[in-house]
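First chain written, first letter: the chains are A, B, C, D and E, and each begins at residue 1.
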Amino acid sequence: MLPLLSLTLATLLVGTLGTFFAGARARWVALATSILFLLEVALLFLNYSGWPGYNGSLVPGFSESESYAWIHLSWLQINYTVGVDGISLVFVLLTAILQIATVVYSWGETRRPGAYFGLVLLTCLGSFGVFVALDILLFFLFWEAVLVPMFFLIGHWGGPHRRYAALKFFVYTHVASIVMLVGLLALVFYSGATSFDFAAVYASARSLAAVPQTFLFLALFFGFGVKFPIVPFHTWLPDAHVEAPTGGSVLLAGLLLKLGGYGLIRWAVELLPSGLHTTQPLLFFIAFLSIVWGSVLSLSQRDLKRLVAYSSINHMGIVLLAIALDSSLGLIAAVLLMFAHGIVSGLLFMTSGSVHHTFGTRDIPSVGGITPTTPALSTMIMAGSLASLGLPALISFPAEFTALLATWNGLHYWVFVPLGILVVTAAFYLWMMQRLLFGPPKGIPREAHDVPWYEGAGMGILVLFTILFGILPGLLVNVIVSSPIRGWPGT
Amino acid sequence: MDLSSFAGPFLPEILLLAGTLLVFLFDVLGVRTTERVGAVAVGATALALLFVVADLGFAPLTFLRTIPAGQLDAAASGTPLYAFTSLGLVFQAIFLLATLLVSLASLSRPSRDRGAPIFFGLLQLAALGMLLVALASDLIFLLLAIEVTSIATYLLVAYTRHDSRSLEAAMKMYIIGALSTTLSFFGASLLYGAYQTTSLLAIARDGGAAGFPVLVLLGYGFLIVGLAFKATLVPFHAWAVDAYDGAPTDVTAFLAGGSKKVGLFAFFLIFLAPILFVRAAAPGGSPFTSGAVALGPVLQITLSVLAVGTMTLGNVLALLQKEMKRMLAYSSISQAGYMLIGIAVGTAPALAGATLQIFAHVFMKTGAFLLVAGVTAWGVGPLIDDWKGLGTRRPFVGVAFALMLLSLAGVPLTVGFVSKFVLFSAAVQAQGYFVWLAVAGLLNSALSVFYYARVLRVMYFEEPAARATPTGAVAGGSEPPVLPAGGLGYGRATAILLAVVLIVAVGVYPQPVLGAIQAAATHFVNLGA
Amino acid sequence: MVLSFAVVGLAGPRLKRLEYGGWVAVGFAGAALVVGALIAAGEMLNPGQYTNAQYTWFQLPAAPGVFPHGFELVAGTLVDPISALMLLVVTVVGFVVMLYSIDYMHHDRGLARYYAELSLFLAAMTGLVIANNLFEFFVFWELVGVCSYFLIGFYYEKPSASSAAKEAFLVTRVGDVMFLLGIFLYFYNYAVLGPANGWAANGFVFVNGNQPFLAGVMGGNSTLLTVAGIMILGGAAGKSAQFPLHVWLPDAMEGPTTVSALIHAATMVAAGVYLLAVTSLFLGFTATDQLLIVAVGGFTTFFAATMAVVHPDIKRVIAYSTISQLGYMVLAIGAGFAMVGLFHLFTHAFFKALLFLAAGSVIHAVGTQDLFKMGGLRKPMRLTAAAFAIGGLALSGIPPFAGFWSKDDILAAVYSQLGSHPAYWPFFLLAFAAVFLTAYYIFRAWFLAFSGDGPRDPTLAPAHEGSWVMQVPLIVLSALAVGSGLLIFWPNFQTLLLSGAGAAGIPPVYGPTDLLLSGASVALGVAGIGLAWTLWGNGKVYALSETSVAQPIRRLLLNRYYFKVGYDWIGARGVYSVARAADFVDQFVIDGTVHGFERMFAALSERLRRIQSGFVSDYAAYVVAGLIAVFVLLLLVAPYLVSMAGGG
Amino acid sequence: MTDLALVGFVTLSAALLAIGLFGILTRRNFILLLIAIEIAMNAAILNFVYFAAYAGGTAGLTGQAIAVVLVGFAATEVAVGLAIVLALNRLKGTINVAQATELKL
Amino acid sequence: MTLAELAFVALALVAVATAILSLLVRELVHTILWIAVFFVDLSAIYFLLDAPFLGVLQLGVYAGAVTVLLLFGIMVTRKRIFSREAATGIGAVPLALAVVTFIFVISVIGEFPQSGGTIHAYAPADLSQNLFNVNGPWLLLLGLIMLGAVGGAIYLVREGRE
């Protein structure tokens, strides 16, 4: 069989390198890579016969898996092992979509385009790697590989405080990933796993006693949680988002936050059931805190990007809540939510970037009534906001519905917290739209005109997927459900 | 003593000794051009390296073996004073690699340097001392072998005898070195008093049974301090920064990449036995009965504290450094902390991890210093800010230096990452409180990223300052460097290329190197038990 | 067929973008009307049929402990008596309003947007009506909410319009959230706790095959059901602007009048009532819920009517009236007579749309909404005046206009329950009293606008009647306002209502069963008209003196009992202050801690640098000090630690 | 054969070491530093000698052999130190270590 | 107290005193004097310990060679040989460090017998046998050290001509 995943990795790698050296023609190379990537992901989906059974491949429960020896010592067995299951597949799709949208959106980038597009592709390459890696070292490698390009994207193409933001981003996530690495190593060695492969760890870790599981889970949770980000380790996020260039923000919100969620599901929840069980109250607390905090803070933001950034905290809080519920419905919801948030927040960051390009500021109070000037942009803002506040027929809705239903099933009346916050979420988006889009025009520069075609196209791609999966979420859910997750029937 | 059976295993050492004597002879004969003298040194070092690698049993080279396979790692091999262990051979290879890199790069030193024979002679002598350290199985043998290296390096640091900085560096290094030597010998004397022998193997077999716990502990304490000088552990590191700064940069490269490792290997030799003995004799229990202390854990705790203190302080101090060499010096100090983790944990995997870290550090730090030396020759100032825009102006030098820094920072797909990964994995694998060592090490490596990233930022994101640098070779952009191979000279360029290739190659596929090191470490651990 | 209609409806908006678009929309609305009418006719000719069709959205297999009966979300259509009734309302009013818009909106910008949104609304509304499960219901429920949001904010450059849109969305959002929770509760009760009856496995579907699920059959946890009922009530209250979530509807009058007629009178606001009816028929309410619903409905009826009494804005008067009338429907459903409530919904949709369109006609003509500036309009606008009068009479419950039959039905139905549920008494009385107020305020409006000799504000544009596209709807709706009530005498329609009501197992009440009651209500209506005539008739303007005791009451009513002020205060002061405070904490406490660490490291590094004095004696001192430190560790600290750890 | 208590030797060598260390810490003249180092070194040599004297047998011989080697080593070390002193003196005109603080921080 | 013990105490006191004096006197030549006495005194202690070979070596190497070397060093670096060292006083911190070290080291005496102990004498022939055969590598190493020292030191002090 074709080593499809390795091929895809190779495609991205070659594309990235090509982009770096392509100079002014970088965007074409990047676009070609993105299209190829998307096609390969489509092929992955078509080949995925996961539901309801799994094809008999090397790693149980994963299809397309490949495994080659990498480092083999008596006590250290590390392989290059990749594979996808339903959950990773969804994230892979997200990566492909965001990559192509970002590339198209950034078509007009003129400052060192080779490096810019190369870094964008590298970020996506890393994310893709994270989603398909089934070996702890490989996973960590890709995990770190995402960090570096993002650091440069923020640090070189970012706003006025970019260096501060880049450093803050780097420090937070790097420290977190270190704790995560220790947790993963401890996971291997305390469980006595025969290798670093997911399958081996899975076989041994789940039978660990509750106490070590709890400690391991906490370490991993911290490591992944900072990426989420969980309150109170979230302050890097608004800064990083605000200072990052638009493409960077999109990938940051769309992909990087998802890495945390994916990692938590793949490397903590699936491996440490008792750990999850004992830490559940803490997770709930943090999830509620993040939900409330992100939402309330969004209300007080003046900067459009900050607003979206804080709303990300809120949304990812719901994701955490869904994961913490420890139920299959919760996990489906979490994955769906992350997919949805990836696309919607990407869209919102694109719009805020366009607002910035068009009006020279993102300060909500100083611009108003932009709809007559920029109808297309306004439509996109509306679409993004409405999707984000959970409008049916747009992608967030099925996810939020499932998440809340799962929350009710698990926590009963506590569901009032996220439910109540839905109103606040609606409030700040509506308030933002009221101030920014509607009302009499103010603060609009004379030369302002609607967004250039490529920005519109970039956003359009995301809107398209927002609607597509909003109407047919079953396309995703059926894939997710096929993953062998505890609580699933038959596993 | 049969000479042939003696000469065989010692072929690498004899080669170096011959090289040393030859270049000293050159000095007498008046053959003093750098290239000719250097060629001898490079040749001797490379040959020695070849034999050492062959002895390790690498497949295509096995016909060059000088030590029969059976004699390696056998407790009875050699005399009580020295033994052929595969870990020792690995370290010999590491030392020879460092020497080779420095020798190669030094070929590009000014051709008319009259002191070339002395320089290369001392270099080889120091290398010889290091090789002997790797063979030691006796405390006094070990300390004396270290002194061979020390004396040679004092003089190497002072080598540019008309530079007051160089002499000051040598003076500081000498004073602290002599003090440390004294303390080491004092410690050795106390251990001798306790065990009535200086054979490390015998001490290992005796273990904690000597009956003088305080005497033993004091002896080990003195030894820790004495060796800490060489290994630049905090707070015994202060000389190192000044010495690294003041010494000729090529010598600095040798100090950081080569001779400092001697101290670390000495730690392995001396402290592994008591730590392991305790583990083997009394798993889980106290070996010192009747109210005394457990020697192994006590040593481990002390070494852990030193390790953590070293890496933390090294990193914190590196944060605000403005000079390139001093920043690298502090970084080197913090790296020693990581390496010490290996012996503090004291398992075969940890030893392997530390060894790999030491191995990696050779390319990273030696390479970096050699590169700094080359760049300094262009007239680039000593400050980090003097490197502004270098990355874009000199893409290949920039990429090489960036790779070395990234490897030092432990970025994946470089050897620096693999070594840290293995080391910290081993710490975690040992479980217990060693996990905290891993955490501390990892947090420190996060801290270290700051100053490495700063250099990268200066090199790539900032435009060169308007002021003209002293000779204006690069920053001024007018005068092209006279040396070939990108202005570095062929020798230096080769050395740097070699370092970079190894950084990436071992970083991507570490299995051959790591496998050999792991096997050696396992043998080493079994030897003591 | 029904599905294809929904698809066409959805496709509509895209077609509109091509052209100026109004007529295309009208065409589609017409097609919808035809289809809707056919469906309704089918149901009416053959009442009591349940036609169900569905498509699986996504599903999870059954898992013990988690979903004992599986979990499935479906999209489907269900045609049953109530949806047929509702479908008729939606399509008819939709078509009529669409037609009316052609002329009414003629001068506005952004017409494509208008028609697109209106079409989308119609599609969503029909979707809601024919949804076969609660989940799908919720989806369309939200969609109509969004359309309403856009249409209220149609004049988005007016700050008040965008603010009203936001307010409407937010307030209904509160209801939506409760509705959502209600769904969860029902799901949990029936799908997880309850027996394997297939309800949840099919994903909140109302019918089992071709039969409705009956709440009584399914049983379950009564506390849970009660809470669920309250949540549904909350959702309905938000959408149907019931107390205390009523504040948004009057403000929603910022939208075009056509929108008010369609969405905020006839259809969307009725969705809340429809939801209550559906729930009552298919899932059932507990007794506590019923009382609560009755209370909310009855109180709102009176409460809203009082506010309408003094308002000077013609549209707002009608808006308050809508709230009040919706209260009647809620009251009926609460008392257990869902079909009676729906009947009122049916008739009310026509006469209220008529009132709005007539009012729109007036506004179109004179360009103001202030009643006190108008006057004497009956002469230039005979048709409008007549239409408004017909609507007013229907609203006031004067036979034989439609409102009489349905409202009287409600009063009679509730009255019939008073014996067994004495707690209904106060709310019945409030509702009864509201009849009087209703008649009074609507005719106050009529007299102010149409009677007298001419406009009180001379600057008003000279009034004129609209073109035929505006007149036809008025005529059609007038006819329906008169005739729709009479349908009650058609046996098939009776059967339709019966079959719907029968689904809930409650005997139907229709027709004037209690003449005394009917007489009393008619008398009250007439009295109200009379009072209006006395005070405002013939161009008179009755003014309360500033010193009058009634003045504070008037001010209270004009300020809508200060509800809006209170809500705004909570929103702007309460929540926003909390948000600001949280922002402060975030920036200075959480981030401040981080910066503190940063500074600490910098200071540490700076201070530690000084130990590198360059003085070799100091270095030697460090060595000796280090030596001592190592001794301390080796001899004192480490042995202690080791012994603490138990020798290992 | 004489009888002597080990305790006294230990105390003496400890004292000599302490004096040597003290000298290293306080003296500024390079040559005095060398002297201080030699005093400390002699403490170590003394240790070997008396431990050897108490050990007996091959072990004792080894100890004395070490002492012999160390004496030689110490002398060599002093020679190297003096070479540095002389070079420093030639360049700076002083051998006061307090005046050689060019490299710091 | 035996005669040997008495002698030891006396010699020890002299050793300590001369060591301190050599470091504290301000005249450098006096320093050399005291250190020479110190070396001789130690040599005497070695004789007392029945290690005559070492005693002689100590006399030859230390009291002889090293002392001369140091004297030579002073002569070269001083313009006037009898110049005085600037007073540096006794720092409290160095003193404390030294004393604490001393205390730590003598804490071992608790493990030793408080009196007695046989002193073994070794024949110089045995010693040389040991030195040149079993422990030959030590001398080899010493040779290497000396090789480096000689080569480097000569280079260092030789007047450069560049």
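Quick notes on this one:
FYI, a residue touches a chain if its C-beta (ideal position, glycine included) is under 8 Å from a C-beta of that chain, and two chains touch if they have at least 3 such contacts.
As the structure is a prediction and not an experimental result, all values here were calculated from the model.
Taken together, chain C and chain E share the touching chains B, D. Once CA atoms are averaged chain by chain and compared with the all-protein CA average, the nearest chain turns out to be A.
The interface holding more C-beta pairs in contact, when A-C is weighed against B-E, is A-C. Chain centre most remote from that of chain E: C (centre = mean of CA atoms). The chain with its C-alpha centre at the largest distance from the centre of chain D is C. The mean-CA centres of chain A and chain E are about 71 angstrom from one another, to the nearest whole unit.
In terms of their C-alpha centroids, the spacing between chain B and chain C amounts to 77 Å. For this pair, chain C with chain D, the centres built from the Cα atoms lie 95 Å apart. One inter-chain figure worth recording: chain A and chain B are separated by 43 Å, centre to centre, where each centre is the mean of the chain's CA atoms.
Chain D has residues 13, 17, 20-21, 24-28, 30, 34, 52, 55, 60, 62, 66, 69, 73, 76-77, 80, 83-84, 87, 97, 100-105 in contact with two or more other chains.
Shared contact sites, meaning residues of chain C that touch two or more other chains, fall at 609, 612, 614, 616, 620-621, 624-625, 627, 631, 635.
For chain B, the set of residues that touch two or more other chains comprises 140, 144, 147, 151, 154-155, 158, 161-162, 171-172, 175, 179, 183, 190, 214, 218, 241-242. Pairs of chains that satisfy the touch definition comprise A-B, A-C, B-C, B-D, B-E, C-D, C-E, D-E.
On the side of chain C, the complex with chain B involves touching residues 601-602, 604-606, 608-609, 611-612, 614, 616, 618-620, 622-623, 625-627, 629-631, 633-635, 637-639, 641-643, 645, 647-648. Every residue of chain C that touches chain E in the complex is listed here, in rising order: 621, 624-625, 627-628, 631, 635. The touching residues of chain B, when paired with chain D in their complex, are 140, 144, 147, 151, 154-155, 158, 161-162, 164-165, 167-172, 174-175, 178-179, 181-183, 185-186, 188-190, 192-193, 196-198, 241-242, 245-246, 326.
Here chain B touches chain C in the complex through residues 171-172, 175-176, 179-180, 183, 214, 217-218, 220-222, 224-225, 228-229, 234-236, 238-239, 241-242, 284-286, 293-294, 297-299, 301-302, 305-306, 313, 316-317, 319-320, going by the rule given at the top.
Across the complex, chain E meets chain D through its residues 2, 4-5, 8-9, 12, 15-16, 19-20, 22-23, 28, 31, 35, 38-39, 42, 45-46, 48-51, 53-54, 57-58, 61-62, 65-66, 69-70, 72-74, 76-77, 85-86, 88-91, 93-95, 97-99, 101-102, 105-106, 108-109, 112-122, 126-127, 130-131, 134-135, 138-139, 142, 145-146, 149-150, 152-154, 156-157.
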